[in-house]
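Before I ask anything, here is the structure I am working with.
Each chain gets a letter, A, B, C and D, in the order it is written, and its residues are counted from 1.
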Amino acid sequence: MFATAAAALLVIMCLALVRAFRGPKIYDRILAVNMFGTKTVLLIAVYGFMTGRPEFLDLGIFYALINFVGVIAALKFIERLDEYDEQEER
Amino acid sequence: MDSIFTDILAGALGRYNYWVVIVLMMAGFYVVIASTNLVKKIVGLNIFQTSVFIMYISIGKISGGTAPIVWANAELYSNPLPHVLILTAIVVGVATTALGLSLIMRIKHAYGSVEEDEILALSQAEDEDE
Amino acid sequence: MLLCEQQTPRGLNQLPRKKTEMELAVNITLLLMLCATVFAVVKLQSLFAIVMLFGIYSLLSAMIFVALDAVDVAFTEAAVGAGISTVLMLATLVTTGRWKKKPERSGLLPLFVVTITGAALVWGTLDMPEYGNPANPAHHHVADRYIAESPTEIGIPNMVTSVLASYRGFDTLGEVIVVFTALVGVLSLLQVRRPRTFARKQDNRPDTHRRRPYPVLQVVALIMMPFIIVFALYVQFHGDFGPGGGFQAGVIFAVAFILYTLTYGLDDSLALTPLPALKILAAGGVIIYGGTGVVSMLLGGNFLDYNVLAANPVSGQHIGIIVIELGVGITVASVLITVFYAFVTRAERNRAGEKQVDLPNKAD
Amino acid sequence: MQIAVDLVSWLFLSMGMFLGLTGAYGILKFPDFYTRVHAASISDTLCTACFVIGLALQSGFNLVTAKLFMILILLWLTGPAASHALVRAANTAGLKPVTEKKD
């Protein structure tokens, strides 16, 4: 049961990865990274149950956190980057 | 018949992690030597570094083992020593990355570029002026 | 010992243990995804995309560390690789621009070098002992002793913490000093802006709609801040029993303030954590660590020999580990926060520097 | 009893898997950024909940369950906030949705 769930999560991660590669816009990539991170959190939880030792969910909590901060940082800096790039072109 | 096949498979599986590590390491190496952009070089260095981490942790893994934290129904524990070494290495890695990135920002400030060949051309021109 | 047995959830003993094939399959898939990510990094031209993919790369490698039983390492890699390194790289991109101006230089010579080196390394792996075999020599020198005796000798269930903080305490001291030195290096290259408490309110820069803050994110960040800090304290002091410890907790603390800076701006954040205090704390952590060693010398033991810190060697080890982990946590947290402030200052100044040519009111 | 719990938990997990795969399919197949956000973020919240409930049923009532629900709360807090910020950033940057079918 957990093995199936883990396999499904791996498939989802692969698909998100494909979107992150293809991209076209940077926002698509950030979206894919966000989705990838969420599914990694779930995979950690499922993997813990699969191996019979699910105490390491602290890791999952932390991944969720770091994922959020990463996405916010990307958005905030891309905002400044856009301004900067416009400056350069002018 | 079956056993020969499983032997070969087991042999390949027994080295699979190391091969992937080598692929990653060489990809990072390629980025470092082929790219002219300094930020991309730092990314390449980080990829190289992480592949070494995976190498060490793979060496420390024991099949059927579990994380080295005492557990009532554990039979085998993975080797904690590589974990400690890599933990240290990761934190040192972020320290060097931060230093490298701040150097890049200073380089951008001084030369107006982070492309290696442009910087080289600029500094050669400076040398000739003197 | 009793403590860790309580940790094991009771209902789980009937769960099947040892799904080794499935573990292997997860491992193989994750490693393949890692390879794919790296090739995309090699091929792409947009630096921003490269940095985002580097974040994915770090998350993936951290997941692989979980699959290889290295939970402490996974924690640190996620914190440092996917968290701090990615954020710092993004901040650098604001200064350096997001596109590589030129394509790669001719790839043939590097490709040749890389192929030769790779082939030599693969040839080398053929002599390596098989992955995961318990009889491998790597598992049979000090590792045996750490596994067999550290739970009774040091008295804490997490062997990684006992080795890190006690057996190899010198290494960790060296590492904390490296982190501190990195801070000194970064601060000598970049400066952190002081908070502008008054100027900010009457700042009459033309405020385009895109520069407005995100109220939703501010609320979410404010809800999360106390939660993150409590979680950091939990990781700091629970590191003896589960994955965690000083490094991880320090990074989580730093992440809390990074989130605050990202949503509320550098000035508010600097008012919350003044720069002089951060500098003192960064040095203070190193002093706490080194001081523990000196105290143990004064009490008649060797440097960083915690046995002498209390009447009973095991409780002495406990005290020693908690104190030095605290030192590590303080140093890592304050160093990372300060480094982040320095990067953001640089990124903002760069933007302002470009802009302020035609603006009369200077920043300071 | 155990069988019933297993069954319910299996049901939740397969629901989570289905939603996750739907979201992943959407993120790959939809034509532009806004529709992709729509596919990913909406399915994500329920998918997370299904996974967490399915796993929590398996673990019984202990610290693991508490941590699972902390993950759930965190993801429910951060996921929509991140999606919102993402769309807002894309919108202010001037990214236009695709409104017509390509020929």
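Going forward, contacts are C-beta pairs under 8 Å (C-beta built on N, C-alpha and C of every residue); 3 or more make two chains touch, one makes a residue touch a chain.
Since the structure is predicted, the reported quantities are computational estimates derived from the model, not experimental observations.
S.K.: Of the chains shown, whose Cα mean is nearest the mean of all protein Cα atoms?
M.R.: The most central chain, going by mean C-alpha position, is C.
S.K.: Report which of A-D and B-C is connected by more C-beta pairs in contact.
M.R.: Contact tally favours B-C.
S.K.: Centroid from C-alpha atoms only, then distance chain B to chain D, rounded to Å. What do you get?
M.R.: About 32 Å separates the centre of chain B from that of chain D.
S.K.: Find the geometric centre of each of chain A and chain D from their Cα atoms only, then give the gap between the two centres in Å, rounded to an integer.
M.R.: Computed value for the inter-centroid distance: 12 Å.
S.K.: Distance between chain A and chain C based on Cα centroids, please, to the nearest Å.
M.R.: Using C-alpha averages as centres, the distance is 18 Å.
S.K.: Please set out, as single numbers or ranges, the residues of chain B touching at least two other chains.
M.R.: Residues 66-67, 71 of chain B touch two or more partner chains.
S.K.: Indicate the residues of chain D shared as contacts by at least two other chains.
M.R.: Chain D, residues with two or more chain partners: 58-59, 63-64, 74, 78, 81, 85, 92-93.
S.K.: Going by the contact rule already set, what residues in chain C reach two or more other chains?
M.R.: As it turns out, chain C has residues touching two or more other chains at 7-9, 12, 15, 17-18, 71, 91, 93, 97, 210, 217, 224, 242-243.
S.K.: Return all touching chain pairs.
M.R.: Listed in label order, the chain pairs in contact are A-B, A-C, A-D, B-C, C-D.
S.K.: Sort out for me which residues of chain A touch chain B in the complex.
M.R.: My answer: residues 51, 53, 56.
S.K.: Quick check on the complex: what are the chain C residues that touch chain D?
M.R.: Residues 7, 9-12, 15, 209-210, 214, 216-217, 220, 223-224, 227 of chain C touch chain D in their complex.
S.K.: For a test of understanding, state which residues of chain B touch chain A in their complex under the given definition.
M.R.: Where chain B meets chain A, its residues are 66-67, 71.
S.K.: Contact residues on chain C for chain B in the complex?
M.R.: Interface residues on the chain C side: 1, 4-5, 8, 13, 17-18, 20, 24, 27-28, 31-32, 34-35, 38-39, 41-42, 47, 50-51, 54, 57-58, 61, 64-65, 68-73, 76-77, 80-81, 84-85, 88-89, 91-93, 95-97, 100-102, 104-105, 107, 110-111, 113-115, 117-118, 121-122, 125-126, 128, 130-134, 136, 138-139, 142-143, 146-147, 151, 157-160, 163-164, 168, 171-172, 175, 178-179, 181-182, 185-186, 189-190, 241-243, 247, 332, 335-336, 339, 342-343, 346.
S.K.: Once bound in the complex, which stretches of chain A touch chain C?
M.R.: The touching residues are 3, 6-7, 10, 13-14, 17, 20-21, 23, 26, 29-30, 33, 36-37, 40, 43-44, 47, 49-56, 58-59, 61-63, 65-70, 72-74, 76-85, 87-88.
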